[in-house]
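Below are two complexes that have subunit A in common, paired first with subunit B and then with subunit C.
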Partner chain A sequence: MRALEDLNPITAAVYFLAVSGIAMFSMNPVLLVISLAGAVLFFLVRNGSRSAASHLWMFGLFLLLFLVNPLFSHNGATVLFVLNDNPVTLEATVYGAAASVMVVSVLYWFRSFTQIMTSDKLLYLFGSLSPKLALVMSMGLRYVPLFSRQASKIGQAQTALGLYKDDNLVDRFRGGVRIFSVLVTWALENGIVTADSMAARGFGCGRRSRFSIFRFTSADFLVLTVTLLLFASAAVSLGSGALLFTYYPSIKPPDPTPLALSGCISYGLLALLPSILEAEEKIRWTCLKLKI
Partner chain B sequence: MTIRSEKLRTVLRFAIPFVLIPVLAVLGETVFDEKKHLFVSLAVAVLSLILFYTGFEQKKIGTRRMVIVAVMVALSGAGRFIPLFKPVAAITVITAIWLGGEAGFLVGSLSALLFNFYFGQGPWTPFQMLAWGIIGLVAGFLAEPLKKSRIALVVYGVGAGIAYSFIMDVWTVLGHYYTFNLDLYFAALATAVPYTVTYAVSNAFFLWLMAKPFGEKLARVKIKYGV
Partner chain C sequence: MDLLKAENLTFTYPLTDPPAVSDVSFRIGEGSFAVLCGATGSGKSTLLRLLKRELVPLGEKSGRVLFCGVETEEIPASESARSVGFVMQNPEQQIVTDKVWHELAFGLENLGTPQPVIARRVAEMAGYFGIESWYEKNTSDLSGGQKQLLNLAAVMVMNPKILILDEPTAQLDPIAASEFITTLKKLNSDFSLTVLVAEHRLEELIPACDSLLVMEKGRLIAEGPPRGVIRDLAGQTELMLSMPAAARLFRALGSEGECPLTVREGRRMIEGNYDGRIRSLPEKALPEKGDPALEFKDVWFRYGRNLPDVLRGLNLTACRNEIFCVLGGNGSGKSTALGCASGILRPYAGEIRVLGKKLKEYKNQSLYKNCLALLPQDVQTVFLRNTVREELVDAGVDAGDLPFDLSPLYDKHPYDCSGGEQQLVALAKVLATKPEVLLMDEPTKGLDAGKKRDIAEILRKLKASGVTVVIVTHDVEFAASAADRCAMFFRGSVVSTGAPEEFFSENNFYTTAAARMSKGIYDRVVTVEDLVRLCELNGKKGGGEAG
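Up next, the complex of A and B:
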């Protein structure tokens, strides 16, 4: 089995939509904690103990969101204390905690999403929606390194002409503006040349085809099926209201019916799926290395 | 994978605005409880983007025009690396004035989508795309007065900065608290004031600075090559 990163972009995109969709759709604290645990675990499995500062930042965000809700929302029956004539309620505090767990877990899912769904994969997905749009996007991405290289060339040419730009701040700024102006003119002209060259090679005649290096393998099929099945199971429990956790006016957790339990278990498996795939691959690599 | 059938694409184009968005809005009001506002608004944002893009796909657009749009996307996206002051909205507006609202929408929304790979993708991406896209689209409608007066352009830039902040704070409230509550919205707007000021100032600054030289270059390309 391959890690999520090496699977087809469709599989990965469906997975992220499913897992973060359930987290965004439900306010059940059990599901939210599962989502947070799964998201953080997956991020740690992929990144190790790197970027410790960003975890602190996330924790700070969590605290901030957690504190804001009870201060602004005064719904709920159980008053904890009164602050500036405004009641702070238990329900609003718990709701704030759940909402901040949700936000932080979704943010962690999206951090992994950003790492895994690189721009080439997104272009592959967009290409099926609109080939023309995907072309504009990939050209836009390609132009960034091209323009920065051209900008440094223009800068060198300006220096060779005697137009230095390192005397003082104003001078630097004016030099920067000059380079940018030249760059824009060049970029537009260059774009026209590119367009003419494309047209000369028959761009726009007939349907566009695309090249992609992504294949849809049996592993993709397997992961996609498992994702969809677990998602469906969790969505059914959510949709039937078996997992409805009432916050206002007073807290009332749902009954632990089989349907609710099955929803939690399938969402738990869904949240753990990428970490399992990743760990399995790592273990296999270690075994292979040991054999050598 | 492409939706090859012309018929299906046409059906989608009409089904999305006239069926899906009203159904979602009504469902959001009745079936889902208020916690699902986030979901509904996200769905509406994504659908309106899809609607716009399918329209773009169907149109016969010249190759030159398409490439120029890509150039502008790259320029505005590269501008997002400037710390604090971002010229994205300014370049979007300039493109919209000279090449039309549709090009403006594309430049705004695509520079949000593409360069969020560097700045972080998230559930806010569709909102950001829509916000910058709409700034471009509206600038396209107001192209004539904006072309004539530099003052009007700066005023539009300030307005666009404030509008961007207003749209993104809808996301702040929905994304963080699920329900839409005016108190929370105003609190979010108040905490965002420094950002709002940065948006407005950078829009005004870049529009004041770039509108004329940039406009001349675009107008030149337009006349010379008939984009």
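Up next, the complex of A and C:
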């Protein structure tokens, strides 16, 4: 089995949609904790101890969101204490905790998503919808670095020519405006060459086909099926109300029915799926190395 | 069989008077390697565009172009796109997409080729061109040589019958250019692919071609096997400048027999025909060294904390009133050194002095006032206005002070000027700051031999007016003819310096064609002109009057 990163972009995109979708539409604390655990675990498995500072920021965000709700929302039957004549309730505190777990877990899923779904993979996804859109995006992605490089080259050339009379901000701004305007001219001029190059290679001859380096393999099929099955199972439990967790006016957890349990287990497996794939691959490599 | 045939082709651009191409007829046989040469503005590009249906410019056209016996207008669109491959000059702008693999597939996608076929063709091409190792890279991260190779591969993937190239190596450094030309030769001999290439850099192309077409002012003035064409190019001194050194020597000496094209053939001609009694020309008196104008003292530079050093303890001194050429390969740090000297980049150790004063002591942009100026490699970055006139007024250029005339260009947009003209307009703008030290980065890139000679002439005039010129270049032949002193750059520092005569005759590989041709026969020869004079001094072997 291959890691999520090496699978087809469609598989990866469906997975992220499924796992974060459930987290976003449920306020059940068990599901949310599972989501957070799965997301953080996956991020750590992929990145190790790198970007340790960013975890602190995430924790800070978590605390902030956690504290805001009970301070502003005074719903709930159980008053913990009174702050400035305002009651702080147990229900609002728990609700705040659940909401912040949800936000942070979705953010963690999204961090892994941006790492895995690089520009060419996103392009492949949108290209499935429209080949024209894919080409336009691909050209756009090509022009961004081209422009920024040209802008800095023009800036340097003009500095050495004495465009900036003095070391001050106004002068710098004025120079920047002129560079931007000449950059537009440059882009139009040089766009003609690109257009010629496209025409010379038969652009506009007729229906375009689409080539991509991503293949849909049996591993993709397997992972996609498992993802969809687990998602369906969790969604059914969620939709039937078996996992409905009531916060207000007083906390009332759902009954541990088989449907609720199966939903939790399915979602747990779904959240752990990418970490399992990643770990399996690492273990396999270690075994292979040991054999050498 | 004739693959491509032009009959009485005439073309005039709208609102211009003389036709850009007039009454041109030629034929190119299947599997031949044809080279089209001519000065800038002789109509080469227009002619090539007329041969590719998709790129025919707007204007008035008469005459016919036949491809495999069919007029180009009548070939179906997809067939025309597929069978006539076209590669242009600028490597960067021809690339359409962001990934190498996508660029390779682009042409086939346009033709609606099914995915499995694209996969196979792209794989074949990537393998043949050695692209596999950078197959998944972003196109913006490639070097210039890689970009142009990708452009070639992206055309070859469509399996063309003829490949038309418009100055494909003009923007490349000599090593990349030479690799590109080798690839062309290989395609021609391995697949019998018909190639038609317009180029200024002819030293390596002409020995490989079997048909040479010469254009002048829109007319085809000669066509045929290269040796014959060169022999018959009577009175075309301007055109001869871009021919291989051996052929120029042959023509200048007025020799008879078969015209040599390669260094080896040229060497045989000298050995077989000329005496070797006088080994070298009388030594030129070395100009007295002035005060240092630009000094590097143990300068270290890197682009980022975790990146490797680009300048490693660079020591270099350019003296007042000399033309100093810095030569070296790609990525050796030459341009970076100019960046440091002009205060754009900041070295992390060492000291740079301009006119005896430390760079750090030039406060408030005073370095760029009447002191130092940099002409960058990409001269388009110098322009900010819509016409050359505005550009010059803006910079405060006094046309009378310039050592060259720009008046025919005044109403043109700077981007519409040719490469050589752009170079001159940019130079005019740079000179408006009245620099005492002028730094130039690759001033001869993409220019034909005639324009290079003009630039060298202008530099000499500037030097006479008291300007110190420091040039960074790949162009060995230009440095040999223009420089007072040369320095060889390697891995971030200077490994040797000297006057061109000693510098190039002591180098074995990194040297001019004339020096390679005369090595061991004569000493201290660097240019074809030197070699001609020396051969004439020695006289023919067994020749009575020379003895």
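For the reader, a short list of remarks on this structure follows.
To be clear about the criterion, the second predicted complex is superposed on the first by the 256 of 292 C-alpha atoms of A that agree within 3 Å, B and C clash if a C-alpha of one lies under 4 Å from a C-alpha of the other, contacts with A are read in each partner's own complex, and residues count from 1 in each chain.
Rule of thumb we're sticking to: a residue touches a chain if its C-beta (ideal position, glycine included) is under 8 Å from a C-beta of that chain, and two chains touch if they have at least 3 such contacts.
Because the structure is predicted, anything quoted here is derived from the model rather than measured.
Shared-chain residue A:211: touches subunit C; no touch with subunit B. In the superposition on chain A, contact of A:141 is made with both subunit B and subunit C.
In the superposed model, A:114 lies in contact with subunit B only, and not with subunit C. Of the two partner chains placed by the overlay, only subunit C lies in contact with A:186; subunit B stays clear of it. Of the two partner chains placed around the shared chain by superposition, subunit B is the only one that A:72 touches, whereas subunit C remains out of contact. With both structures placed on the common chain, the touch criterion links A:240 to neither subunit B nor subunit C.
By the touch criterion stated above, A:154 is placed in contact with subunit C alone, subunit B being left untouched. In the superposition on chain A, A:194 makes contact with both subunit B and subunit C. Contact with subunit B, but none with subunit C, is seen for A:128 once the two complexes are overlaid on the shared chain. Judged by the document's definition of touching, subunit A residues 119, 131, 135, 139, 141-142, 146, 181, 185, 189-190, 194, 196, 198-199, 203-204, 207 lie at the interface with subunit B and also at the interface with subunit C. On the side of subunit C, the complex with subunit A involves touching residues 52, 54-55, 77-78, 80-82, 85-86, 88, 90, 92-99, 101-102, 105-115, 118-119, 122, 136, 138-140, 151, 154-155, 158, 339, 342-344, 364-365, 368-369, 372-374, 376, 378, 380-384, 386, 395, 415, 429-430, 433.
Contacts from subunit B toward subunit A in the complex involve residues 1-4, 35-36, 38-39, 42, 50, 53-54, 56-57, 61-64, 66-71, 73-75, 77-78, 106, 110-111, 113-114, 116-117, 120-123, 175-178, 181, 183-184, 187, 209, 213-214, 217-218, 221, 225, 227. Interface residues of subunit A, counted against subunit C in their complex, comprise 119-120, 131, 135, 138-139, 141-142, 145-146, 149-150, 153-154, 156-167, 178-179, 181-182, 185-186, 189-190, 193-194, 196-213. Residue ranges of subunit A in contact with subunit B, taken from their complex: 20, 24-25, 27, 65, 68-69, 72-73, 99-100, 102-103, 106-107, 110-111, 113-114, 117-119, 122, 127-133, 135-137, 139-144, 146-148, 177, 181, 184-185, 187-192, 194-196, 198-199, 203-204, 207.
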